[in-house]
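Think of it as A, B and C in the order they're written, each chain with its own count starting at 1.
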Amino acid sequence: VHPPCFVQPRTAEPLEYHRSFLKENCRSDGRELSEFRATTLNIGSISTADGSALVKVGNTTVICGIKAELTNTTVETPGKGYIVPNVDLPPLCSSRFRPGPPGEQAQAASQFIADVIESSEVIQTEDLCIERGKLCWVLYCDIMCLDYDGNVLDACIIALLAALKNTKLPEVIINTETSTPEVNLEKKQSLHIHKHPVGASFCVFDDSILIVDPTSEEESLSTAQLTVVTDEEGQLCSLHKPGGTSLPGEKLQECISRATTRQREIQKLVDKVINSVKTAQ
Amino acid sequence: MMEVCGSSNVTLREFGCEQSLLSRPDGSASFIQGDTSVMAGVYGPAEVKVSKEIYDRATLEVLIQPKVGLPSVRERSQEQCVRETCEASLLLSLHPRSSLTLILQVLHDDGSLLSCFLNAACMALMDAGLPMSCLFCGVTCAIDADGQIITDPTAAQEKQSRALMTFAIDSTEHRVMMSSTKGSFSVYELQQCIAVSQKASEKIFQFYRDSVRRRYSKTL
Amino acid sequence: MFSTLKEKVGEVLLPGDEFSFDTDDTISLTEHVKPEKVVCGPGLRRSGDRLVVCKSGVLRHKQPNLFWIESQQRRYVPAKGETIIGIVTIKSGDVFKVDFGGSEQASLSYLAFEGATKRNRPNVQVGDLVFAQFAIANKDMEPELVCIDSSGRANGMGVFGGGGLLFKVSLGLVRRLLTPHSEIRSDLDQLFPCELVVGMNGRVWVKSSSIQQSLIITNLLQSSDTMTASQRQQLFQRVKQGPL
């Protein structure tokens, strides 16, 4: 990659600065247009949680902890447990977030994660049911961003997937005499993960140039953003584009193919990390 | 690639629209798709709070009010979709340091609510006379268990569907401005749904034109 | 393009409608061809080699080459030279702040009145109505009002006297009232004598011999916004014959 010989100062003309790189088909951090930042994964980082994972995509750091609780099933879905995801973007991770109740971006991210869980069927909620109409598991998936440098949605999905794969639930037997649940902490079982949804986020620059895995600076200068979530069978779980400038069909197709290769890469990474932890034990 | 195979006629429910029906807002519209009905009001360009002021363009705020109760996380995510779609079509740089507020009130939800929000928003923005580079419309497609695509589904059809997609289509190039999906689907199904939505958008834009023409018929 | 634009005059156009500036295919060598120029009024924008509509409304044309979109907007956006009715909200030092229904308040210097000097200040109180025109109005600056014309005369502008009634109508109706041979105005003239001040910002001030008559005029004007010419004339006729 040859950086352009003359570039505008970054702070005075940020948009021109990025444009001068994009003209040469590269980006200010030396990446190509369709290149993701280095992604690292660490699982089981929170010992008190039932499952956890820490993901770094470049500087963006996201941690996910899963807490399982026993609860009564709801009347509408007697044979199912449920999953409650929550994305937190605290003031710690970036100066753009203020303390107080969650802002629009955090709420929209929570909704997006909830939609991905439901659409992809990463976990079949029937698996979480212990006794029909009475007892089930509820999984609280708390996702927290520790360092915000763009593309937080992708990082959240990876963290969630890895944390779910890391989660072990104790065996629960219902005592027939007292009809109270007895938890056997000795016998723990992993959750059954049906699908492996992985997201790929893109930014549109100047209505036409497509870049992958944007940093927070690139996000703020872009004219549109979109996230494509695919599973291992090549099915789309979500095509999330909250407005912005319009995109022609060919570009959309490009995004989808990039997302499918990304899915394979990440699934490989998750499996590798899970296996390395298993062999270490 | 973007050809509709077989089903050439797109069926939409009965549409209805009335502009400037409220006296207080600067622009208002009610939009009806079958039994789904949304009322929209726009205020602006008005004075802006110093904390929300943007030096080179107007600040747009979108508020979605559900029929009962307070707005929840779902409404927040819909607000984001509507806001960013409106921002892309409005020429906000013509009114710097001012605020635009768009309020969407659900009157009745019988499916395709997000697309109805988008349609009501577009008509209200047009009624307020805000400068726009293009129009947009919302189309919801449902894929049922047999793989059939239903445009503008009712709540019952949405419930039975395997996948649900809502797109915002722009009026100049008929491209996808916004996309929000639920359920899993193949790439081919996505392409088909986009193609169907683009076809449906032509009908909706014609409907827009007819209802604006009716509104101005008295001053022609 | 000139001809395609002309064809559409009087039709309803929507944002996003385009006209391209395609020049003639044949170039005349003998004649000197004058490039046709189009002056864009409100609601039309030039974007590269195209003309794009950005507001919904009816396309209007004025000889020789002025085009604009007539829309029914309610929120006023200031333009230089337009006269408006404003309400004085704050008196701070040398300037008054005036609310005119736009996105921010306009400033009005106390020296911008006829005959005003540093010694001889005009008598303006908070809450007073002023009829003034914009000296500065653009999107990047605070709008500024003056109550004098270029020669320093009041020319009808200044603080309103007591009495009268202020009400709001649509901006479209205001423009129809202010056209040189306005039909609504001539219809109104036949009813009762009244004093009418029309601000481009949609505010209208009326003063008549009795409060009752002022109210009738208010209601008539507000309702005539959404009427056709014949409906309006019928209504005015009925009021004229009514027991007043």
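Keep this in mind: contacts are C-beta pairs under 8 Å (C-beta built on N, C-alpha and C of every residue); 3 or more make two chains touch, one makes a residue touch a chain.
In this text, all values refer to a predicted model and were calculated from it rather than measured experimentally.
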| item | value |
| --- | --- |
| Chains touching both subunit B and subunit C | none |
| Centrality ranking, top chain (CA atoms only) | B |
| Label of the chain whose CA centroid is most distant from the centroid of subunit A | C |
| Subunit B and subunit C: spacing of chain centres that average the CA atoms, whole Å | 32 |
| Rounded Å distance between subunit A and subunit C, as computed from the means of their C-alpha atoms | 54 |
| Whole-Å gap between the CA centroids of subunit A and subunit B | 28 |
| Shared interface positions of subunit B, touching two or more other chains | 170 |
| Subunit B-facing residues of subunit C, complex | 10, 12, 14-16, 18, 43, 45, 52, 54-58, 70-75, 77, 102-105, 139-140, 172, 226-228 |
| Subunit C contact footprint on subunit B (complex, rising order) | 20, 26-27, 44-48, 89, 91, 94-99, 126-135, 170-172, 205, 208-209, 212-213, 215-216, 218-220 |
| Contact footprint of subunit A on subunit B as seen in their complex | 1-2, 73-74, 76-77, 79-88, 163, 165, 168-170, 173, 175-187, 190-191, 194 |
| Residue numbers on subunit A that touch subunit B, as the complex places them | 104-105, 107-108, 110-112, 114-115, 118-121, 223-224, 226, 231, 234-250, 252-253, 256 |
